[in-house]
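Next come two complexes, and both contain chain A; in the first it sits with chain B, in the second with chain C.
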Partner chain A sequence: MSAHVDKETLIVSIAAINHEIGTIQDMKAIRDIVRDKDEAVLIHTDACDAFGRIPLDMKNLDVDLASFSSHKVYGPKGVGALYVREGIKIEPIIYGQLSTQKLWPGVENVPGIMGFSKAVEVIHRNFRENVLNMSDLRDRLTSGILNSVDHTMLNGPLGDERAPDNVNISFLYCEGEALTVELSLNGIYVSSGSACTSRVLEPSHVLLAIGRRYEEAHGSLLMKITPFHTIADIEYVLDVLPGVVKRIRSISPIKPVKEVR
Partner chain B sequence: MSAHVDKETLIVSIAAINHEIGTIQDMKAIRDIVRDKDEAVLIHTDACDAFGRIPLDMKNLDVDLASFSSHKVYGPKGVGALYVREGIKIEPIIYGQLSTQKLWPGVENVPGIMGFSKAVEVIHRNFRENVLNMSDLRDRLTSGILNSVDHTMLNGPLGDERAPDNVNISFLYCEGEALTVELSLNGIYVSSGSACTSRVLEPSHVLLAIGRRYEEAHGSLLMKITPFHTIADIEYVLDVLPGVVKRIRSISPIKPVKEVR
Partner chain C sequence: MSSRMPLTYSKKVLELFRNPKNLGRMEDANAEALAGSLACGDMIAIYLKVDEPSEKIIDAKFESYGCAANIAAASILTEMVKGKSLQDAWKISWKDISDELGGLPSVKYHCGVLAVGALRRAMRAYYVNRPKPDWLPGELTREEKQALEEEKLMEVLAKRAQSQLAK
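What follows is the complex of A and B.
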């Protein structure tokens, strides 16, 4: 990574937790590598998927900028927050009428901001308990799927290096899109590929980057655990999913090569 | 106005109704003037204050772009709409991950959009009745204030040239800010200057542009009528306002020159 930072580098931006495969980045190590190379390089972290999942002490994290999103902590869509370290000056990219509105013009989304604020409060109540509970459900769901459905592989790390809410599994010989549709008919709402690229039907660049083949990336599902989920929810998914995968595989044109007996 | 359009002009942008003084612009005349000069110049209208107040037939209006805001039609803050005439190509100013999100990146504020949609539906129920009712309340409030409080002047036009919801009056020998504070203690919520510049305590550039002196612009109040207001509300304001103005004037350092008797 150090090799990518040179005199042309203005800013290094890394998600504290990868949105797709849940990898918890060692932001302090990244910060040190970057600052060792050039102290003037700014460090930004997209903390949207980390906020409420891992402890985030901004003083300790010592980045220059950090982004947060309301809906990622179950607040209303349409609002977010940007942490700007004291002394860092940034210019707006959209200008409005008011000199008092320093970074963003227009009327503030007050109900959204209040909802975001409340969501932050709620998600940090029983934070440790929630995280332990989510990690437990994550592991139950992961091992349950890997054990009950063949031709599957977990994407991203295991255990403490992984976000407590993230399960991302590739189902070979399946279309991820088809799985999401059939699961939704059963009241199970998950994303194929990355949620963000799901509408363009292209496999996740993150999965391709970690070495997954096109078809492995294509048949991936991203499942998110929330503090509001229970063991019963996980058991329901484990009950329904194998049959859904079987059905979708039975109509898929891509089949495993038959083993010679 | 024609003199301001030359070969360097890319776009002409005019509010269909002036946000501060309620002037209804003759958008068709403006469009014709601009197109006579140069057919390639794009015409944008900020229709935020016009939507729900005057009939807006986009085909007939024949502008290239128009902006709408949810909270201006009593929908949730944080969402708006941009009308783009078929064939007009515009480039985003912020880019995201998705090729499907053509103009604005990120997760859509779905509840906000649904609320905006509902607000548009509600404000267009009984549209004619609402507009007639608002115009009636506007005229009662305007003449009531001008008749009961001396040293006052209406800003902007009268009657059909004015938005049905807009009352903007200058109170000489008064600080607009002080009036808003004292009125709010009586449950009456209005803006001083323009609402948008009220936090910077500078007089409205619109009022200065129509020839008001600094002190006339400074003592102005913008009062908005909604379809939810009643005659009783107007009577309450007319009951409270004269006393408030009298009190604020009594402590104001700016006094009318005493007449020689």
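What follows is the complex of A and C.
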């Protein structure tokens, strides 16, 4: 971090939690490193995936800007919030019908905002209990999969350094898109870092950045726990998943055939 | 990864993905080939049993490492070539595969291309030790080149990723 901040740096923007592998960043340490180098550098955090998962005390966090989105706390899509510390002036990125106080032109999506507000209230109602419950389900799912399916690897950290809702596992000799399709036919909706699931046919840059090989990224599944999930849901996934992985692996020419060119 | 949700596939693609026809290795194949690579996340093996006197494909099987479209494309191709002469099988295009599957999503066209590439590579393998017929092009066709390019590209990318991490 220190090596990347210099005189040219205007703003540092870091996701408080990585949404693919669940890494919780030490935002305070990052803030201190940046401010040590240069007091004037602004610090922004994308807190979308942290909101409702870890405590976010803006005073304590002391960043300049933070963004939040409604759908990540199970509110309506298309609404978000930007925290701007007092005294910081930012320019709108879109101009239109604009009053002096508006960062975004046009009329507000009032029903969306009301829904967002309600979602924030609900997610923080039993915050500690929800987080403990999600962490428990996360660990059950993670260890259940790692213990019941061979040739698997967990992507991202374990325990307290990981978001309570995030499970990301690579299944070797398996292509992730095929896994997601087969799981969806069983009522389980998850995503994959495989190139085949993206519209650009490139595997997840996050998985490549932590040193996963292409085939390990292709075989990855990202599963998210919500406060609405139960132990029964996790048990159902653990029941179905090994068979799904086995079937997809059985289709593959795992031992490559003699190559003729 | 929010955009990484399963695509909407045709009924036929899902049906062949669920119950692939002609799946598995063929021990007594007299022509076989592999196209794509693990690194691409896109790999198809085609096995053919060719009746030598008539040069007709009497059996075809496949294996696939890839997405649902990849599996369905390889499976339908093995269905399409069975009973065809090698010369007729050579003419099958990725578009024919897509049509037969009730249409592939546009980002999945390359699955059809890879299946054709694997099939043609297997046919060339058949003629390696046999007299080559006039209809067999000397130059690689577009589909074969595309398979080759995909393999080379991913080799380069994988190496680059490894060396960047080493730094």
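Criterion: the second predicted complex is superposed on the first by the 243 of 261 C-alpha atoms of A that agree within 3 Å, B and C clash if a C-alpha of one lies under 4 Å from a C-alpha of the other, contacts with A are read in each partner's own complex, and residues count from 1 in each chain.
The rule is short, and it goes like this: a contact is a pair of C-beta atoms (placed from the backbone, for glycine too) under 8 Å apart; a residue touches a chain by one contact, two chains touch by 3 or more.
Computed from a predicted model, the values in this text were never measured in an experiment.
K.L.:
Which partner does A:A232 reach: the first (chain B), the second (chain C), both, or neither?
P.N.:
Touch partners of A:A232: none, neither chain B nor chain C.
K.L.:
Looking at the overlay, what does A:A3 touch: chain B (first), chain C (second), both, or neither?
P.N.:
neither
K.L.:
Figure out whether A:R213 sits in contact with chain B (first) or chain C (second), or with both, or with neither.
P.N.:
In the superposition, A:R213 contacts chain C only.
K.L.:
Between chain B and chain C, which makes contact with more of the residues in chain A?
P.N.:
C
K.L.:
Using the superposition on chain A described above, determine whether A:A40 touches chain B (first), chain C (second), both, or neither.
P.N.:
neither
K.L.:
With the touch criterion stated at the top, can you tell me which chain A residues are shared between the chain B interface and the chain C interface?
P.N.:
On chain A, the residues that contact chain B in one structure and chain C in the other are 196-197, 199.
K.L.:
Flag every residue of chain C that touches chain A in the complex, lowest number first.
P.N.:
That would be residues 1-6, 9, 14, 17-18, 20, 23, 25, 32-34, 38-43, 45, 47, 63-71, 107, 110, 121-122, 124-125, 128, 154, 157-158, 161-162, 165 of chain C.
K.L.:
In their shared complex, at which residues does chain A touch chain C?
P.N.:
19-20, 173, 175-178, 180-182, 184-185, 189, 191-199, 201, 203-204, 208, 211, 213-215, 218, 222, 251-254, 256-261
K.L.:
Would you mind writing out the residues of chain B in touch with chain A in their complex?
P.N.:
Residue list for chain B touching chain A: 69, 71, 76-79, 93-94, 97-100, 107-112, 196-197, 199-200.
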